[in-house]
Every structure is written in structure tokens, then in C-alpha cells.
């Protein structure tokens, strides 16, 4: 039998939640960044699934744009991480507390 | 149903086996070829009880390559350096080989073969976006090398890995551009379809091969392909004189054999792609489903089976030719310097590819070709 | 009725092109290019205007050429276009603006030849031409206002052209601010009109449209008229807002000639003539206009008598002449007002150019007490100056005579005897001070400072030719308006009639007085002029020391007049100072520093203190923020689930 | 796609996702992530978004992840030491994430009967379709994206270059330490 779209949605929900968890419990900035990518993909999955359900391509197009933006975001984000590391010599989120009062 | 599965499995196995054998043969090619080029004798020791000599045959060193070396390699100690990441160290070679092999799944080795009532598409997996598939698998190919180098906890290896991945990423772009241009020219992403389009002739005699439509892409694909397979003159990742053996410095025995296998499989892959895109794939000049139609109207009817076999043979022959071409290049050219490599990739091939892409697109739109 | 004539766009386009050229390439292109392009553009406009005139004359009387460039404002039922209208009235104005403007541009080429800001000067000049043309060609009140403001800006820019001198910059500001007061009146007037029309569901500001619905304007005619007239007093330097014009003389002399004599300052008159249908509905407003005009002309004339700065004399004379025009339009003789506007543009422009030529020759000297006897040194200037002086003094057959006579006659016949009397006296005064100027400058023995005396020279042809052109115009320009019955009598009046004396204006038109009365009136005016001339001759040529003794005799009066009746001081006392005091002690010290600052500082203080408390929450750890964020997301999701479940 | 296949892929995806957030060595995390991404790509293909699936693999796995790998190498990151502190945050964070997963799934399921799949047009998810959408309805967005990429390129280069002003990122305390004579700042 074919899989109900709901399952895909549920899967994307789970992946998203895992990404959130990673965002919260990991100290390493790069890994947090990866978690963000994970969340992005979960959302992409939801887009594609729903797009499939309503039989329109828009979901896929949006995912396409999400990928592009993700690429840009990765480039800039990693560049930031590098310069951050250069100046602080750590990627531990606890020590990166310049926003601190 | 079941028979379909069976057929599928058979096709897959056939192709993989072909590739692996060819890879093995290439090793021999290389040895003897390099010997030829460098005016040496080359491998000629191992023999089975000297049978060949008794029969007065020259020793072509086939034994060395196809029997002795594999046995040696696979019986060697599988050494993992101290402080290395055992898991990745073990995983890497297969991570490198796997993508290359799966790429062949979409390679059409021939047109349709009719057995009884059922017609078999001589392509392991008929995928209508197979070109994309190829690009995807090539993209994954980086990981094996990169992780292999990183996991073996060795500076040379890591350097080699960094070089390798940087190089592969850079040249993937050029390769992608070349393939996209071809795809635009043919108007399809399906390799089988691309081969079919290349059937037929111009002016009654000239085979309608891609090299005539996309010469620039051919250069691009050949160059970037060789760079992808990290061969001389692009072999900086494993440059013996600089980094002991590059990313597989710390590999020995079976794993190293797998890496070498990957190398040769990649050579085959590049050759196959070139064949598919630019030299009609399995097309035999003037051979159609129902036999030969020579220029001048002579018609030689052939049964489908013969045609299919002819096509398969033609396909592999072309592939071998291009493998040989690469080996020739390898033993002819010196190695680049890394900055030269990057300059060639980014300032030479990528702009060229872009220009080619634009021109192709314009032409296609202009002549309204689908 | 209104025929489409796209070429109208060209009239405005050419100055715009010149403007752009001078603005962006003027510096690089160099003086020759600039001095060719800037005047050439105006000449082109002039040519197109002539073409338009030809077209207009071909059409039946009372018709107009029109061209809509694009839809400008669109708000509900209301819409205003960038549309041009070329009827008899705007035809006259356009020809004056472009014609005189072109001549003065040429003159400027010579006059400004050795100024370092050459390109900037001509940029402003072209911008002025553009704005002025928009003003006169405007098809609706809003667009007219755009031009109105544009010329004001240019006036400011050009008065303060040599902004290096703080005094000049001050004069520029003064002109600008005084004009703002008038413009405020203008805007209010527009709003009143809009209100009156919109109240009856008529959404238009085009002159044709307003004319058609003039009936609706009757209730607001007086108020709107007075408000608009306030604007006119500002722009046209009438009491009480005339104070800026004398100071405006610090600008380059061609600017004074073009802007502050020939064209811009007469914009008020044009506006009133253009809105005649409105003014004629409010006789009170008309009377105010007339009285103000007459008073201004007399008052300014008296001041002009005692001024010693040649350009100031001309400035006051300008004020006085515009007073005449106001008198004319005020008594309902719009055609006469416009007629005088045209002739005045000729001879007053000429006078200024002559004065410029003299100043040029004397190396910047403007005090008539250091001139005299220049007749032989500057022959061309002298002759042209003489023509202009005769013209302004109203000596037949020069231009000024006809127009001034027409105005006085209209004033008389429309029953304003006193205003007529005032006008006649002013005519005498005018003749007096103008010949005083002429004698002090060109006759008698030279009082020129010796060091400048020797290199006094006639101006180059590029300056004298414009003088001659304008002199010819001043001499014969008046003939288009010969009195009724003589030859093509009243041609000018009849040309303008359909525009300025339409339906509503009929009420004020009076039987054409030809013969006895007209002749007598003219005779009186001429007599007054001749008296003035002889007086000037007696005082300033016969025995030049008499004026001093006279001044000594009645010192008080003399000082008052010489100090321009202390008007500036009075304004300073009753307006400026209280304003400054109020803004300093009440607004700045009180409102600003206490109330406003208090509020601002209080806000800042509150935020700062609360921030002190809140920032303890900021651990600087991204993940804490992320967690809070997550909680928010959870709540929102829960809310949606609640919605769905329900 | 058949349910068994979906289940298989879903399990791999979830395992990979957990691998991302639970392993200590960044490289292992990265591998797990790459696995998940490939898996999601396959799911796309299964959902009929064939082109998108391969694009996902090419872009994400082939490019972005390699970029991550480079950075990890560049910074020479070793596996983290024993996770220290923040137990509360980890605890509640995990709970919150779980709650989120639960809520979302509930929401998706209860939103509507999603089970039926409307029949998709032929060529659905093909390159032609995607391209047609991109270059007709979404043309502006597409162009803007290209600009975005350019900006990101420039920005990344500008950021990652060695700049003397990098000290600005240091904490005030460190700056003071730097200011104090005879002190060395890492």
C-alpha cells in the first residue's frame, strides 16, 4: 500500500524536533549549525509532502529556494564561525557570550 | 514480476562485473602501457608453473596483475594506525568505491534486447533524470577520499584528503557545466535517450555523435573527469613525491586495493560518460535495430540479438579506447602545481564551461530545438 | 475651443534641457558651450512661442491651445494634470518671458564673463525660465503654484548668488522668507477655492473649469481673492510685503533685470489677471487691490526720489510700476494691467541692463553720487537709457505712455478719482526721479573716482546689442495698444478681451472713453510727466547744490523718506523681535528645555532603569534564548491544535 | 511509495538525525547528517519530486556538507570533552523538543484526513515542470536568489579573511587584559 502523506509530515515533525533538541543540548556551534540544517530539511520534507498532496509544484519550488538560501546561509554562517574561532579560539557556545550583560 | 526482478538483478550484476573486470584489466593496461611508454619490459615474472614459457608464449604479466597482486593485497595485514578513527578508516574505501559503482546503474550498455515477447532495456535502472543522478553520485564521491584521509590520523593523509576534496569539488563544477550543456543540446536528462538521439547520420554518412555538437563540452568533461579521478597530471592528492601516498598513505592490504579499484573504476566511469555523451554510447555507425544501413543504400539485415551484442561490444570498445587515452595522458604529462591546478579549474574550465553553456542555450533557443 | 498643440511641451522642454546641460556638463563643457547653450535654449522656446502665437491668431478669438503632458495627481474624483494652456494671456506672458529672457541671457554672457561660477549662474537662469514658463503656461492652479514656488526659489538662489558675502546671503533669505508669507496666503486661497468647489461636488482646479463654475465661487470670492492677493503682494513686492525687493538688488544686475523687474515680480499681476473671473466676483477684493496698488506706487516713488544707489532707485521704481499694474487690474482693466506689464518688462529690463552696463563700466560702482558725465564715455548706454527713461516717464510716443495712460484712464472712468489722482502724482514723481537718475549718471560734471575714471569704457557688443533691442521695443512696443479709434486702436485689448473680460468681467467694463475725456486725461498725465522732468532738470542740472539745501531745509521729512519710512525698522520692531523673543524665552527655554526635554529624558531614563533590571535575563547564551523561543513555539502550536480540535 | 520502504527510510533518517545530535566527534555528526540528507533526498524522489531529490543530494551532500567538513578541518576540531553542565537545559530542552514533535504530529494528523493523495499530473516533479515554475511564476524570486548568492559569496569572503579588527569580538575583560602592558592575549 502507498504511504499516507501524514506519515511524511510526522517524520518531518520528528526530524524537526530532533534538530531543535540538537540546537538546545549541543555546545559546539558547528553542530548547532548542523542541527539548523536538519530543521531546514525537515521543513523541506513537509513542503514536498504537502505539495504532493495538493498536487502542485509550488512546494517543490519553495524547497528549491530554501536550498539556495541554505547554501548562502551555510557559507556566511561558516565564515562567521571561522572568524569567531580566530578571535575567541573556541566554539563552545557557553564561552561565546558577547551578548552577555 | 519475479522475472522482472530477476532481469533487473542480472542487468545490475552484469554491469558491475563488467566494470570491475575492466578496472582490473586497466591495472594491467597501465603496467604494460607505462612499460611500453617508458621503454621497459614491465610485469613479466609470475607464471603458473611456467606453462606459458613452455609453450613459448611471451609473458604478458597477466598473472602478476590479475592473480598475484590481488592475492597479495587481500592477504596482507589490515593495518590501522594508532589514534585513527577505526570506524571511518574502515568505512572510507567503500564510501569511495560505492558511489562510483552505483553510477553505472544508469549507464545504458545497449538498446533494447528482445527475448521472445519481452523487450529488455539494456540499462540497469532506467531513470529519466539519470544525468542528474550521475552528478549526484559524483558529488558523494568526495566523502570516501576525504574521510579516508582524515580518519587515518596522519598529516600527509589529511593534506592529501584536503587537496583531494578541494580538487574534486572544484572540478565537479566544470564537469557539471559540461554535462548541463550536453543535456541542453539533447533536450533530455535520460542517458539512454541521449544515446538514441545520437543514432542516425548526417549527410547520409556522418554518424550523429555528440562530439560534433559539443566539442567544448568534450574537452571540459575529459579534463575535469581526469581531475575527478585524481590521475596525473591532477594527482596532487596522492603525489608520491610530496605526500607519501596522499590520502591512502595509511592504507594497506584490502582497503588500499579498494581505493585502487576506485581509481580505476573512476577511469572507466569517465570513459563511459565520454562515450555516452560524445561518441554515441552503444551506437554503432550505420547500425539500426534492424541491421546495417550503409551509406549508399546497402542494407544488411540482422537479428535483434546480434544487433544488441554488437552494440554492447561497441560500447565497451569505445570505453576501453578512452580508458587507454587517459592512461596515455597519465604517463605523458607532468604533474601540475596546486595553484596551477586551481587556476586551471576556476579560471580556465569554469568560465569556458559557462560560455559554452550560454552559447549552447542561445543556439538551442534560436533553432527552436526541443 | 481648446485645440491640442503638442509643441507647447517644447516651450518648457528647451529650458529644461539647458538646465540639465548646465547642471551636469556645464563645468566640464566650458564657458563657450555654456554661453551658447543657455541662451540658445531660450531663443528656441521663444521661436516655439511665436509659432504658437501664429496658430492662436489663426483660430477664432477666445480659443486656446492646450497640451496635457501627463496625469499628475489623482485622488478620488479630483485630478490635476501637468497640462499647459496657451491662450491670449499666457501668449503675451510667454513671449515676454522668453523674449526678454533670451535677450537678457545674451546680455549675461557679457556681464558674467569673468565670474568663476559661470555654469551655476546659467543653470539658475535656465531653471528660472523653466519655472516661469510653467507658471504662465499652467493650465491649473496647482501647477501654477509649482511654477510660483519655482521662481521664488530661483529668485532666492540668484539674489544670494554671491553667497560668499553674508550680507547678500541675508538678502536672499529675506526675499525667500517674505515670499513664504505671501505663498502661505496663496495656498490658503487655493484651499478656499477647492473647498468652495468641492462643497458643490465640483472637483477641478483648471482655470477653464473654475471659470465655468465661477458661480459657485461667489460666496468665497472676497476671502479667496484677498488671500491670493496676499500671495501677489509677496511675489510682486506690494505693500506690505515689498521689503525684500530693494535688498534683492544685491544679485547680479541681469538677474535684477530679468527676475526682479521684467518677469517674476509681475507674476502677481498675471495671476490676478488669470483669475479675473474670481476677483470680479469680489468687488471688495478688487478695491483692496486697487488701493494697495496705488498706495504702493506712490509710496515707492517717493522713496525712489531720495535713493542714491542706482539699482535701489530702479528697484523702488519697479515696485511703483507694479503698483500701477495692480491699480490697473484692481479697477478691472486687466488688459491695461497686462499691457503695462509688457511695456514695463521692456523698459524696466532695459533700465536695469543700462544700469548694469554703467556699473560694469565703473567696475562695480553703484552710488550715483560717484557718477555723472558718462554721456560721452558710454554713448550707446546713454541713448538707450534715455529711451527707457522717456518710456517710463510716460512721454509719448514711447511705450510707457500708452500703458500708463490706459491704466489711469481706466482708473478714472471706473470712478476711482482719488486713485487716479494718486496715479497722476506718481507719474510726475516717476518722471522726476527717473530723470534725476539719468542726469546724475550721465550728465553734469563727472564725480567718478579718479582711479576708476580712466578705464571707463563702453560695454562689449554682446551687452550693447541687447540694450538696443530692448530700446527699440521700449520705443515702439506701446503702439500695439494705441487708444481706441486710432489706427488699429485697442488691438492689444481686443486680443486679450476674451480671456480677461469674460462673462463675469462684463460688470466692470466701462464705455470706451474716446475723445474729450480720454484726451484730457492723457494731457494731464503728460503734463505731470513734463513737470517732473523739468523739476529734475532744474534741480540736478541747472544748479546741482539746490538738492542739498532743500534736504537741509526739511531735514526731518528727508530723513524719513531716505530711511524708507523706517519700514524695515518697524517690521523689525513689531514682528521680528517679538518672534525671536518668543522663540528664545518661551519656546526654547520654556517649552523645549523643560517640557520636551523632560519627556525625552524621562523616557530614556525609564528605559535605562528597566533595562538595568531586565538585562539580568540576558545570559548571553544562545541556547537559553533558543529554549525560550521553543517554549513560545510550543504555546502557539498548542493554540492551533486547540483550534483544530475544537 | 510503499509503506515498508517509507518505514525503512524513516528509520534511517531518524537514526541519522539522532546521530547528528548525540555523537561527540563533529565529523561523525557530519556523516550522520549527510546520511540523513541523502535519505531525505530519496524520500523526495519517493514523493515524486525526482529532480528535487537529486538536487538535494548534489547541493546539500555534495556541496554544503563538504563545506562543513572543510571548516571542521580548518578549525581542527577534536571531539568535545565530556558534556559539561547545563543538565537542566538538556533535560528540559529534550522534553520541549519531544513535546514539539508530539504537538506537530498531532497537528498534522488531526488537521485533516491527509491520507488520500490527489492524483498528480504527468511529469510531476520533472525538470521541465520545475523550470517552468521557476521562470514564470517565481522569476523575480529566482533572480533575487541569484543576487542573494552573490552577496553571500562576497560576505563569506569578507568575513573569513584575516582582519586586524578581529579583536573586537573578544570579551571586554580580554580586551582589558590586552590593554594591560606586558600581558599576552591568546
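Brief remarks follow.
Chains: A, B, C and D, in written order; residue numbering restarts at 1 for each.
Keep this in mind: a contact is a pair of C-beta atoms (placed from the backbone, for glycine too) under 8 Å apart; a residue touches a chain by one contact, two chains touch by 3 or more.
All figures in this text were calculated on a predicted structure; none of them were measured in a lab.
Connectivity without subunit C: the remaining chains stay one piece (groups of touching chains, all others kept in their positions).
Averaged C-alpha coordinates give centres for subunit A and subunit C that are 69 Å from one another. With centres set at the average Cα position, the gap from subunit B to subunit C is 87 Å.
Distance from the subunit A centre to the subunit B centre is 35 Å, each centre being the mean of its Cα atoms. The residues of subunit C that reach two or more other chains are 623, 627, 630, listed in rising order.
Contacts with at least two other chains are made by no residue of subunit B.
Multi-chain contact residues of subunit D, defined as those touching 2 or more other chains: 51, 55, 63, 86, 89, 93, 96-97, 100, 104. You'll find the chains touch as A-C, A-D, B-D, C-D.
Taken in their complex, subunit A has these residues touching subunit D: 1-11, 13-22, 24-28, 30-31, 33-35, 37-38, 41, 44-45, 48-49, 51-55, 57-58, 60-61, 63-65, 67-76, 78-89, 91, 94, 97-98.
Residue ranges on subunit D touching subunit B, taken from their complex, read 25, 27-28, 31, 34, 38, 41, 50-51, 54-55, 57-58, 61-63, 66, 69-70, 73, 126-127.
Interface residues of subunit A, counted against subunit C in their complex, comprise 20, 23-25, 32, 93-94, 96-101. Against subunit A, the residues of subunit D that register as touching in their complex are 1-3, 6, 10, 13-14, 17-18, 20-21, 26, 29-30, 33, 36-37, 40, 43-44, 47-49, 51-52, 55-56, 59-60, 63-64, 67-68, 71-72, 74-75, 77, 80, 83-86, 89-90, 93-94, 96-98, 100-101, 104-105, 108-109, 114-115, 117-121, 124-125, 129-130, 133-134, 137-138, 141, 145, 148-149, 151-153, 155-160, 162-163, 166-171, 186. Subunit C meets subunit A in the complex at residues 615-616, 618-623, 626-627, 630.
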